[in-house]
Every structure is written in structure tokens, then in C-alpha cells.
């Protein structure tokens, strides 16, 4: 459900875009204002058409099933209230509204958005198949359309399953999915809510909005910006691509304990669920390298997979990460939530230990990660006001045994001119400089909602990590990089640091939180405006990547952190 | 000592509260204050004085004899009739307010609240109209009148709440005529209430509860 | 019989015992009848119905009161903000039979005192609760709600309800909400903010 | 002495009368044991006042204190035999056996509370005049001639002193409708009949007021 953020994974998309394309610089001029206005109008029209509809993250089928308005479970959706958390913990089986046979627990959502960065991107964002579908800036896009199954299945079994069509990547996939069986037991003074759970990404099953899958910001542009900070394993990279099974217990409405294990999905399975891996990177790298040698360049050939790297580099770099989990990776979660009166306070921790086979390349070992998160959330909700304060700190130890070995092997192969059966090294660039790195991600945000309809949020994020030239890039390396040929996928930092920080502001209007229109009272909608301000990216502010491009034919422009400042306008409609 | 201190503290609290709230009451003019007092009575005794069934039954005041009401309110103050709640209520009433209140309630005539068991109404009627001479139970109607409307100090019983009548008759001697006061009119009822058994009391109260 | 078969027999027996125990435990789970989806209520009112947040304790509440309130939510005469938001929807499709069943079930659960009021105000609250403030036309609560706040028939049990809930109810009566719940609007109108605070504090400790 | 003798004389008649009544079987003929007798007396006093001084209920309950036993017994019998009509007192009287009746009558004779009062004081003088002198123009004899100068009565003549004025007025007004109702069994109430009829309402009220104030 969470908007898929660009970048992030080592084999991810946007951050690997080479500085090739040259666009016309567009200032924030009258014309763009016109566009903003047009989008606003479109949003309003969309709302008008879907006027008798409800929202996506406040899943309207839940509203129908429980007879409750969105605001019972959400402050500003998808942020949950204490009741929303309990609804989820009870396995989506709470009823009280319409019966399934009267209205099936199906809901839909559309998310038209408009994205503008302070300075245009070097190249237009592209989808994995290589077709540009957007401009270097000022993109209006029907970002996402989703279909939900949300509700009770039978007895104590319930599910939330989301199928999403992502316009930016032009594919349909199984988005956040969470299936639960729950029951309650009393052992003397101990009251236990016990649940069994299957989901498709770490923290998709979590009920607090401090964990990554449902954390702030709740919606972000899929088309911007060109640079974004690296993310820990638990924050990105596994949603939709793993199967987690676990059990949890919620004791005395207070103490939450959960254990789960995440398993790998086969390529076939991923394909079936719509995860974009038409060509897994190992396949792409090797086969295309072979193809490049076997076929001469044919400009304009409709199927770019057969084009050599030099002519269509994004084809290679945009392949989805096909790193896989080598074995079952444990996940745990502990949280203590205390509710008193209108207040709710949670203090918790979680851990995720992915065992990653980098690029699905066998024979070089496995990367071991250890992500430990600490989080706290405070909520004050009364009849008119709702305040949510969230803070999350995730520290990740990366034991990059596998990647490091692959890097050594690559260097060795390149240096010695040795060819393997495909004639290429396991990874296109080099491995990390260090076998062991760390990465820390800190997020804090506050949301205020007035009368359940108007929300304002401020978020702060801060990423720090260990110095690694090969992983995060360095000035020398970048300077020599002319295009993507030598890209190791991460040419972002001039100083080899992941350190980034920024602020996010979000304002939204939710017209149907207290109940939708009479014809379709379960409708929900959110019209929002968010602005992301980058304080620093990859260890710097001005020319942080030590790289730049010529544009408008002559002047040399370097990348500055604030270039990525993003204005994002969205209309979120679910029904 | 401790108990005394606590009581003292509580008393102080009450007094402080009373003085604080007295201002509130006095702000309102005479007529308004009287109306506020009427509403105050009706909060418990029903919006038409028809009585109210709470944890304790609140008796019907509608149509009640003013003299009886006055006498009872005085009895609360003088602790001849023991009721801590009504003691507090009664002792803040000025004679003028009291007279106006009793007149006001006397003129109300809502239908009875009802809600009594109906199976023994016949027996109740017999006891009310004729008494049970063998059991030394005098006919109630002799004093309270054939329609149970009462007379002067003799209360109206018609339409009185079943649980209230039951409670009153059952605990007569423990609630009324307390403090060794000799001329309390409640003494007249002592023997009768003593002679009535629970079933008879219930029947009688049920009969009265439906009487208009 | 050799040692191996003996061990396997013991294991089989053990697993059989475990299975039986698990089934028995599941079967013995109280209150989870198919017909009565109590979790629709405990979702908000807390797993043992002791109340949570705006949702009051319903465990041990008087059955007739619960029924009457469910009806008041259903016909929307109880229109407090929280009622409107949560309970109107929750009772929109509630049948009278189910309302009765819920009331019977929750009234039979043991109640715990919230004890979340201001202990310093409890003594004053007790005085108001038991005696009212006749000068200010504040009636005594005890006459309807009983000496331990136990309630009577459709008059609710108040003892041990949470301070916040009691306070907001009294305040909202004064503001004109739930006007049909006579005589409470009359009662609440006469109470000052301090008196409400004291009453709610006292009652939260009353068992 | 007189009381005893009278009771003795009446005994056979009373027995005969009692035996015709259905309730007689389950009642022992003798006087009640003391606790039960006390209960019965208390029962009487419920209506007739805790000292027998009379009581104003829905109807005025006459003063019994100091009343002549002979008169009391005669009236109770009159209730039973329906010579005197009173729906309540008929029931009350039926529940008393003769011995109990005598005991009760004796008890009330010994009481001497102050009159209940409540009579209009301005009529007292006129009442006293009528009581002591009669109304010669209407051939009404002085009451005192039968009821005694201090209105204490004697034997079958009832005591009037301290009687509730409203009771007296009412009794005089309804005399012929209430008393001597069995034509087959004329009783002594016939003596009062012309007198009660001869008195105007005002005169009756005056006499009643005077009697009501008399100790």
C-alpha cells in the first residue's frame, strides 16, 4: 500500500540513472503554477466523480464491515488510532456493519499525483522496461490504482490484500498483504489476544506507524527525486518480495510480542505476484553482456533487452533488485502500549535479520544484516483534536560477506581478464570497500489532525552510516564516470558517505473521515500537498556527488541537495 | 479522633461548597430561584412530581397534601424522619419557599407511574377499603379517604410508587418518629405497619400504585 | 518390545495428551460463542470490557442500562460526540435480540475500578455524591445510583467508571447532549466544573 | 360493679348472637390473652387515637377515651347486628368476641387524655347554653339531663365530653340514617332520634363545639 519509493536498493532504479539526458530547465514559473492549478482541478473533478466513494488506506470495506467511519481507526489515514490498531490485531474480523454477502469486502483506490522538484532531474524517470513515461519535472501521473480485499474471511480469519497497478513502473503487483487468524484466551488475570499471521514484507503486519511499512510519509512521489538517501533492509527492499509467517500475542491490551520468519520467493512466484523482475539482474547482466557481444548495436530496435549496454544502459540498471533471502530471516517485535483516557503511548523495538544472497549470485557467500529498531509513538485523540508524535531509530549492521567477495572476484576477473562462462564478472562494478558497514536511519514526525478532516504533519529524517567509497561513491570515481558504463549503481556521494537529512511537510484535507456521502458513506478521500526539503544528501549539500552535467548546451551544473526538494500534490480516493 | 477530624474536614468542605454555591443560587431572582428549586425537586421526584424509581424510590409528590409535605420536610430537619439526603434538601428551604413548593406539587396531577405487580391488587384493595380486623389492621380508607387522596396531615397515597410504599411500610418504625419526639403523627401508623406482613404490604402498595 | 518402540509409544501418547489439552483449552475459551461476536465490543471497550480511552467500562454494567443505551445509540437519541462517532455505526444494524444478549453477557463480567481520579478531590466528590449541594440545587446522586454507585435497573452503575468518561458525560449533558436521558440533563446543568471533577474522581475509586 | 352486672346479664344473649356468626367457631369464647388483647387495643387506637382521644382522618374517628363501657359494647353489637350502619366498624366489631369487647371497653374507660380540640371557639357559649338548658321552643330537653352535667355519660348513656366536634355534628346530622336501622330490633338510639332531628345544623354545631372543648 505504501507508495513505492524510488531508489534505495543497491540495484534500484532512480539513483543509478546516469547523467545522460538533457532537459530544458523549467523554473517555478507561471506555467507550472498553471499546471498545479490544473492538477488541483483534476483532483477536485476526480473527487466529484468518485464523490460517492471512500478511501484507500482507510479501507472502505473495513468501514462497511464495522459500520464505523474512517476516523474510528484513522487519525489521518493510514495512520491508525488505538482502535485501528486493535482492529488489525483482531485480524480484521470485527463486524457490526454490513454482512459480506450484502457488500463484498472489496475496495478500490486511485491516487492521482503531481510532482515537482525544485530543479529538474537530469533525465526523465523511466520504468523498468525503459520507456520514459514522464518528464524531467512537473509530472502529473495516476500514480497508483489499487484493488483491496479487506475484511473478515471466515470466523476469526481475516485479511487485507492489495493489488496495485503502479503507473510509474507500469506493472501490477501484489502490494501490502496481511492475512491473520486470531483468537482470545483468558488465563486468570491474563488476557491474551493471539494471532497467526502471513504477510509479504517485514512490518507490513505492524500496527504502529513508527515502523517502515506504514511510516511517515504515507505517500511519496514515485517519480522523484533523482536522489534519495539509502535505506536499511527493514525499510526497503523486501516489501512484496518475501513471505513472512509468524505469530503474535497481545497481552492485557498492553504488551505486544511477535515473532516471524521471512522466506524467499522464487522468481516464478515473484513473477506471478507481479513483482518486476522480467529479467533478473544476474540474467540481465550475463545474458546482455553476451548479447552485446553477439549482436551489433541496432539503434531503435523495439526490444531494448537486445541492445547493448552502451546504447540503453537504463535497461540494465533498472532491473529490480533480485537479491534474495538465502534462508529464513527472523523478525521480532516488542511493544508496550498504554492507553489512558485520550492518551496512548507506545514504546517498542523490533529486529530484522535478513540473510541476503546479493543479486541471486551463488558461490560468493551471503550478506548478513542486523537491523534493530527502537520506536515510540504518542497519541492524543479527543473529539476534535488528534496529535500523533512518532520517533523511530533503526541501526543496521551490514556484514557484507557476499557482496564483498563478489567485488573481490570482480576486481580479480577484470584485472586478470578472466572470463567466466558468460564472460562477465558477478557484479558490474566493485563490491563495498568494507566487509562490515553500518547504517542508521532516524525518523521523527508529528501529525496534527483537526476535526478528523484537516491534517498537518512535519517529519524529519536523518541517515548516517559508515564511510564506504565503493558503496556510496567518491569524487574521484564519479569524475571519471562518463555515463553509466562504470556505474556500480551507487554514484551518489563525493565523500563516500550515506549521510542525508531532510524535512517533510504535509497538509491534507480528508472530507469523508466522519462518514462519506449518503450514497456511499464508506468513501474516503485525502487531498494533500507535501513538500520535502533536503538538508543534505550523501554527506554534502552543494555538489554532494561531485558530479554534474552540462545543460542548455553550455553551462555546467552540479547537484545540490536542495535541488531535490519536492513538491508533491496528491488526491487519494478510495471507495 | 480521626473520625471526628475527617467529619470536621468534610463539614468544612460542605460549608465551603455551600457558601460558594449559595452565591450561585442567590444571583437568581426570587421567582427564578423558586423555579430552580422546583426543577431541583423534580429532578429526583419526576418532572411532573410523579415519582422516580432510582436506587431508592423517589416518592410521588404530585397531588400530595401540603400539610403532610410540610410536616415531612420539618420532620427531616428535626430528624424525626431519618433521611440524610432529604435532611440536606429540607434544611435549606425557607418557610415561604416551602409553602410555595407544597402548593405547587399539590396542584400537579400526572397519571400514576405504575409498574407494580398486578396479581395482588384485589387483596390490596380489600385491605385499603376494609382493613383486616382479625389481623388488627385498620382500614386505610378511614384516614386516607376512599380515594386515597389524603387529608391535611394525612398523606395522599393514590399513585404512590410501589417500592416506596413497600419500603415506607416495612421500615416505618425505623425511619419515622425518631429521636423520641412525642407528638410525631407517624406514631399512628406504627401498629398498622407492624401488623401488616410482607405480602399484605405488597398487595396494598400495588393497589395504591395504580390508583389515580 | 524394544527401547525404540517404547520411546515412540511414549511420544505418541505425549502428543495425544498435548493435542487433547490444546483442544480442551480451545473449547474452554469463555465467551467466544459463534452467535455473540463480543469482540465487536471488546475491540474498543478492552479485552475484558474494562473500558479504554473514550470507550467506557461495560463489564458489570447493569443489563437494563446496557440495553437501553444500545437502543439510544440505535435511535440516535444518545448523541454525544463519541457516541455519534463510534456507537451510531456500531448499533445501526444491531437487532434487539443481540442487544439483549450483549447486555446480558457484559453485565455478567466482573468489573474493576478505574481508580484514575484525583484522590485529593475524592472526599469532596463523596459529599456531593451522597448529599448533593441543596443550596445550589445539586441533587444527591446516591438516591438513584446507590450507596456504592451500583445503579438500579436501567440506572447505570457508576462505581469505578473512569474519571474521563464520567467527566465528559456530565459535561456533555450540561452542553445539551443526550437530552433524552432525563433527569441527567437537569442534574448536570447545576454542576460546576469543580464539582464534576470531584464527582468523577470519587466515583472512579468507588467499588 | 354495674359494668360487671350488666355483662353478666347480657352474657346469654351475646353468646346466642355470637354462635350464629360463622367466625365464632375459631375464636375462643374467653377474653384474649394479654399480648393479643394489647394488640387489639393498639389496633383500635390506630384510628381512634393513641390515647383514644379520637382522630381526624378522612372521617372523624370518635373519641373512645372515658367512654361508658356499656355504651361502647352496645354500639359494637349494633354494628354487628347492623342496627348501626358503618361498613368499616361492622368488620371491626365482628372480629371481637364478647369478652374481648368488654376488656377493650374497660380499657378505654380508664383513659383520660385531653380533648383533641379543633372546634370553633366562638360557638362554645351557645353550645353550653343548649347543652345545659335545651331548646325549650322545640321541646328539646337539656342534654345534661341524660348525659350528665359534665357530659361524662352513665351506663348506656354515652360520654360526650371531649368528643370530636365534627364527629358529633356528623352523628347528629345522620342519626336516623345511621342508627336504629333494624325495625325488628328497635334500640335505645330511638331516644335521641327526635332530638337529633329537632336541632338545626347551627345548634348541633354549637353543642358539638361545646362538647369538643369539654374535658
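The letters A, B, C and D name the chains in turn, as written, and every chain counts its residues from 1.
Everything below uses one rule, namely that a contact is a pair of C-beta atoms (placed from the backbone, for glycine too) under 8 Å apart; a residue touches a chain by one contact, two chains touch by 3 or more.
Bear in mind that the values here come from a model prediction, so they are computed numbers and not experimental data.
Visitor: Starting at chain A, figure out the least number of steps needed to reach chain B through touching chains.
Guide: 2
Visitor: Once you count every C-beta pair in contact for both, which comes out on top, B-D or B-C?
Guide: When the contacts at B-D and B-C are counted, B-C has more.
Visitor: Would you mind checking which chain's C-alpha centre is most distant from the centre of chain A?
Guide: Max centre-to-centre separation from chain A belongs to D.
Visitor: Between chain A and chain D, what is the separation of their C-alpha centroids in Å?
Guide: 107
Visitor: Return the distance between the CA-based centres of chain B and chain D, expressed in whole Å.
Guide: 35
Visitor: Taking each chain's centre as the mean of its CA atoms, how far is chain B from chain C in angstrom?
Guide: Their C-alpha centroids are separated by 33 Å.
Visitor: Using mean CA coordinates as chain centres, what's the gap between chain A and chain C in Å?
Guide: About 42 Å separates the centre of chain A from that of chain C.
Visitor: If I count partner chains per residue in chain D, which residues reach a count of at least 2?
Guide: none
Visitor: Of all the residues in chain A, which ones touch at least 2 other chains?
Guide: none
Visitor: I need the residues of chain C touching at least two other chains; which ones are they?
Guide: none
Visitor: Following the definition at the start, I'd like every touching pair of chains, please.
Guide: Pairwise, the chains that meet the contact rule are A-C, B-C, B-D.
Visitor: Sort out for me which residues of chain D touch chain B in the complex.
Guide: Where chain D meets chain B, its residues are 23, 39-40, 42-43, 45-47, 49-50, 55-59, 61, 87-88, 91-95.
Visitor: Please output the residues of chain B touching chain C within their complex, sorted ascending.
Guide: 9-10, 13-14, 17-18, 21-22, 24-25, 36-37, 39-40, 42-44, 47, 52-56, 58, 84-85, 88-89, 91-92
Visitor: For chain C, which residues are in contact with chain A within the complex?
Guide: Contacts found on chain C: 25-26, 29-30, 32, 34, 37, 39-40, 42-44, 46-48, 52-54, 81-82, 85-86, 89-94, 116, 162-164.
Visitor: Which residues of chain C touch chain B in their complex?
Guide: Residues 123-124, 126-128, 130-140, 142-147, 150-153, 155, 182-183, 186-187, 190, 192, 195 of chain C touch chain B in their complex.
Visitor: Help me check something: in the complex, which residues belonging to chain B touch chain D?
Guide: It is residues 130-131, 133-134, 136-139, 141-146, 151-152, 154, 187-189, 191-192, 195 of chain B that touch chain D.
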